[in-house]
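What follows is chain A paired twice: with chain B in the first complex and chain C in the second.
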Partner chain A sequence: METRINSPQTFQRFHILHRILHMVIIFNFTFLAISGFLLHFSGFGWARFLIALMGGAGAAGWLHRFCAVFLYFGILVHVFWLIYYKMVLKQNFCGPDSILPGKKDVKDLFQNLRYVFNKGTPPLFDRFSYLQKLDYWGELLGMQSMGITGLILCFPEFFAGIIPGFFINIAGYFHFYEAVLAVMYIGVVHMSDTHLAPDVFPMEKAIFTGKIEKQRFMEDHPGEWKRQQMINDQKLL
Partner chain B sequence: MQTGTIKIKIKLQPGWICMLVTTGCFLLALLWFSHARAGTDTASFSTWFVDMSQYADAAHASLKCEECHGSMTDREPAMGIGLRKNHPDSKSVDFLKTQTKRNFDYQVCQKCHKIAYSRFVKGEHAKAAFKEKTIGKPSEVGFAPTCGDCHSAHYSKSHLTRVQTGKMMTQTCGACHLEQKQSFLANYHGKAAVNLEYDKAAFCSDCHGAHTMLSLKDKDVVLNACRRCHSDATPEFASIIIHDSTKNLDVKSDTKKSSLKWVHLMRALSLFFVIAVLVFFYMHTGLLMLRKLHEKLRRHK
Partner chain C sequence: MEKATDDQRPKAFINKIKISNGNALMNLKTILSIIVGCALMIFMAAFNSTQAFASKLADLKAAKTIEEQVQKPLVQEPLLCLDCHRMPNINTNEGVIASQAFCYDCHKKEDIIKRNGVTAASLQITMDTFNDNQPDHRFIACINCHTDIARSPHKTQTGVTCTKCHTQHSEGPANDPHLRVSCQACHFQSKFVKLDPKDFKVKLAHNDYDGVPIILSKHILSDVEDEETCRKCHFKNNPVGAPAAVLPSKSILCMMCHNSPLAVGHPVFGLAGLIFMVGIFFMIAFWFKGSVKGEEKSLHRKISLSSESIWNTIFSKQVFSLIKIFILDIVFQRRILKESVSRWSMHSLIFTAILLRFGLSLFTAIGFYFNPEGNMLTALIDKNHWFTAFANDILGLFILLGIIWAIVKRFVIKPDHVVSEYQDNITLILIGTLVLLGFFLEGARILVTGIPFDMAVYSFVGYLVSKVFSIFSIDWGQVYPFMWYAHGVVAAVFIAWLPFGKMRHMFNTPLTYFIEAVDGVKNEKRV
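So, the complex of A and B:
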């Protein structure tokens, strides 16, 4: 009973489906990045060694395609959930809890920059901060363009019948540079914003457990917290 | 009360030791592997002196010297083909300095390698040799290659795998066509074929032909080359640029020139975009982290 008393009050933040999808993304993104960059750096011995561990170039290529399809399957599940959310649950996409970017995000960005230079208070985020929104949209839209360029590279014979041949060269460069961007953004910006922030260090567990502590809820998402309290007050009345 | 002290106990458990040893072995294997694979085989060529121990392992080991070179006394051309040259004057010191490859008459090779020779005669290298003969001096790249410039008659081994031949080929062709070699290795084909030793990927001769050495400027010829692997290739497929990162690519056609320009422009744009986004967000994150750390430390005072 002692642990129960000591454990802080938590609130549900993420649905089980979203937690599973996040794990799917972590798993596939990692293997996609590894197998893809090993091909690019195959001039080095260590890359050849790791490719040999995967079972050679053919197997690594297969792994890359498998993970790409798996990841895209996750995105499709998410899109179906969005349709379900709108059609069956009759929920609204807009509003302060939405992940859609709005005017407040631009304001928050500038306020955050002022806060960084000690010229003001930190912005009061709603359910999602602008960086979280950017992570989400970067992933969702980035995967579309990675998917398109990847498909072009996977089926060049088919796509050469639709688009000019040198577009396939361009698709190759886009695929590579966007992979660099994705890995260096997720690996540094996303990781340090979520896990390296001094208050949550060493790890933010909300996306894995789905629960957020009261303290973190109040500090990181004050807008949502305030609205929750108002709803609760109305219920009590 | 011991409120401010932190106790850290590290016990060396068997599990930890096992993990450390495994990691060490993994890293050692990695080092060994990268070291062992770093060297690529290059074809070795004989000078006027032939190393008979190497010759004994080579593909031509069963041939006697006379079968290619003719006998010392015989004035007839070797195997009835080509011009019989006199043995160089052994008293003169200078003949050892002359190039063996330019002295030997490689027409002898066609006695056994008929198909390869007939293909070579039709090919680009033979055309270059003809040009060289009419002008009277070699081009900037060097002498137009004959058989002996790519193949070592004395040391070449037989029964090599596709990948072994291909890797050696990349070195041999790359000795003269250095930029093409580099752009090939920057391409998916070269990376899979040479770096990852994937035998389904294309080496030089898979597109350019083994002895014809086509320069692949004509669209129909290119399409034929592509179709050896990509059987569904359409005519537009042939306008994919394989050696697109070659610095001084000698492009004759205007469409290829303009598409190369687009490819390089798009590459530069995407690189710029990546750098711009990363610089902004790295600075944003770095500064924000510093600020948050500052706040946290101040609160603890």
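So, the complex of A and C:
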């Protein structure tokens, strides 16, 4: 048995709202992917069998639209949170804690590459590393375009009055191929860069518990750690 | 000469074989294998072609019958059925047009008339008229809806089957399922309806109220958004047993006891819902007035801390003890049972019956979204179905019995521990009036719609009430709307009053139980 620290010192990393929203995304994204792909591959026997389990094509379509609305509701809550964050809590969007991409991310990328090829020290990530930022923005922007094409496919009669008819077919292709892209991204990149990291291997729990251990905080987000220490020192002084 | 040539030939042949002595056997083998290969290929090709042509046995049979049918006209016989009725495939547009053309062939003529004694009505319909009046059914064959008309005698038994493609209404669109009303009675632009004594359904009348046949063949649809359409049944002294006024739809607030649409409904319900939400908001705001885990001032911190602890409770082992508390202490009211059996019985009669009715209506509302055509859901939205009628009546009776018990306890027996506050009395009066009005309403409905005994007997309380009502010679069709509004208004008041009065214990008591279980008995959130 290794020596185990009974209760390692933990720090709050994610606010409760963001944990709930992440759960909303997990739930809806999974069901959207399942029902959507089953509907797209409805010509195949296995898809028909699984769709029958879901209660038929109508029920699968209903589930798909329900999850889409639910997911977009989550995005709206996120936007309201941003407004609340700025207006009520008087916090800043920019700065080192921000998820907005900055110059440091490019620098970090090259430094990380140098580190991987054994030519330098690892980059000192701040609150969010460039990969985490990529995850966030890929998901957020991807959901907008999925939402727009999905709306076009959901109300074709309305949109055919505004845009040419073949746009609906184009929207169909966009919707499908972007779904493939999103599922590949989440399934391969997001899963491996968060859960397959050796430090956390079976599973990264920070987004579910909201807490991060002191050791990992110092290793993975040294920039933020340093700033917090400085703030604490100032408080002590 | 002839002989010489005869002798020479075999020699030359033998010479040839001798020259290619080494390869002779090989050649035979090659030739043989080529022949066998060709035979195999031909055999497999033949086998393969049949596969591609008709992969299933059923298809093969169909192909065979088609071949036979095609050959039939060759037999010299006068006019076979299939000479005219080519059985077009009405799943294709071509087939639909071919099938329609066959109907229009006769029905486009002006002298297509249905005689009813002296009077007569035209059955004329042309393709243009139909397509103008029902543009959405342009590419639907006549026999797709008039399923049993293409035969002799040329008279339908089943009528028109709309529900083959369309689903039936839930509570929402027609303010009621209207399961006793056939589709055309509302959706066709004819002012005359009748009550069919055979299957007890409201149907489109073929004669007007003076007995003169009317023209229905134009297939003109009515504007069902317009309330004027509803008034062809809902007027005073109507022949089909409909209430005299067009009533608004139920609201989502009615979900507490009835299956209802997910809509706001009448403005009164909207107002009640708004007051309910505001009340809930103030109730929660009141909870957060106290300190949460030592935090006294910042509301942001309080919300964040309390939601954090809820999150940690849900994703911990404690959640199982909470589920246990929910089932035993909240659904089965264990803590009241421990105090007094009579109190438990009284409270459970009211609470469990309302909970069961809420569960039933919630199940119906959600289930209807997924399977609107299922037999079970049809039964659940049908007020006259034996299960729904019986379940609703017996649960309503339980609530009424519980209320009567409580009233007797408070005002007649008056035990020492019962302290009757005005809030308790208001609650009892509200629920009691609500249930009583509900039963009156049901009785009036049974009386007005004239539901036969064997169907109405399952709603036994309502049937008794209807028998009592039938003593008074009032036009109950005109009283019914007033009773409906009274029931609705009392329900709206009850819902609006929930977060303010005594009924607040519906939210507070379970919450207190949960917080006690998580944090121990003492907690600042306790109200």
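FYI, the second predicted complex is superposed on the first by the 232 of 237 C-alpha atoms of A that agree within 3 Å, B and C clash if a C-alpha of one lies under 4 Å from a C-alpha of the other, contacts with A are read in each partner's own complex, and residues count from 1 in each chain.
Rule of thumb we're sticking to: a contact is a pair of C-beta atoms (placed from the backbone, for glycine too) under 8 Å apart; a residue touches a chain by one contact, two chains touch by 3 or more.
These numbers were taken from a predicted model, which means no experiment stands behind them.
Engineer: After lining both complexes up on chain A, report clash or fit for chain B versus chain C.
Structural biologist: clash
Engineer: Going by the contact rule set out at the top, does A:Gly210 touch chain B (first), chain C (second), both, or neither?
Structural biologist: The second partner, chain C, only.
Engineer: Which of the two partners, first being chain B and second being chain C, lies in contact with A:Phe37: first, second, both, or neither?
Structural biologist: The answer is neither, since A:Phe37 touches no partner chain.
Engineer: Applying the touch criterion given at the start, work out whether A:Arg19 contacts chain B, chain C, both or neither, answering first, second, both or neither.
Structural biologist: Once the two structures are laid over each other on A, A:Arg19 reaches chain C alone.
Engineer: Considering only the touch criterion stated at the top, classify A:Trp62 as touching first (chain B), second (chain C), both, or neither.
Structural biologist: In the superposition, A:Trp62 contacts chain C only.
Engineer: After superposition on the shared chain, which partner residues are touched by A:Glu178: those of chain B (first), chain C (second), both, or neither?
Structural biologist: So A:Glu178 only meets chain B here.
Engineer: Which partner, once the models are overlaid, touches more of chain A's residues, chain C or chain B?
Structural biologist: On the superposition, B touches more of the residues of chain A.
Engineer: Looking at A:Tyr136, would you say it contacts chain B, chain C, both, or neither? Reply first, second, both or neither.
Structural biologist: The answer is neither, since A:Tyr136 touches no partner chain.
Engineer: Looking at A:Tyr72 after the superposition, I want to know if it touches chain B, chain C, both of them or none. Which is it: first, second, both, neither?
Structural biologist: Neither chain B nor chain C is touched by A:Tyr72.
Engineer: Per the definitions at the top, what is the overlap between the chain A residues touching chain B and those touching chain C?
Structural biologist: none
Engineer: Where on chain A is chain C touching in the complex?
Structural biologist: Residues of chain A touching chain C: 15-17, 19-20, 55, 59, 62, 88-89, 208-210.
Engineer: What residues of chain C sit close enough to touch chain A in their complex?
Structural biologist: Touch residues, chain C against chain A: 300, 304, 307-308, 311, 315, 369-371.
Engineer: Mind listing the chain A positions that touch chain B in their complex?
Structural biologist: For chain A paired with chain B, touching residues are 39-40, 42-49, 51-52, 56-58, 60-61, 112-113, 115-118, 153, 156-158, 160-161, 164-166, 168-170, 172-174, 177-178, 180-181, 184-185, 188-189, 192-193, 196-199.
Engineer: Which of the residues in chain B come into contact with chain A in the complex?
Structural biologist: Answer in residue numbers: 29-30, 33-35, 37-38, 185, 188, 191-192, 195-198, 200-201, 230, 232-234, 236-241, 244, 259-260, 262-263, 266-267, 270-271, 273-274, 277-278, 281-282, 284-285, 287-293, 295-296.
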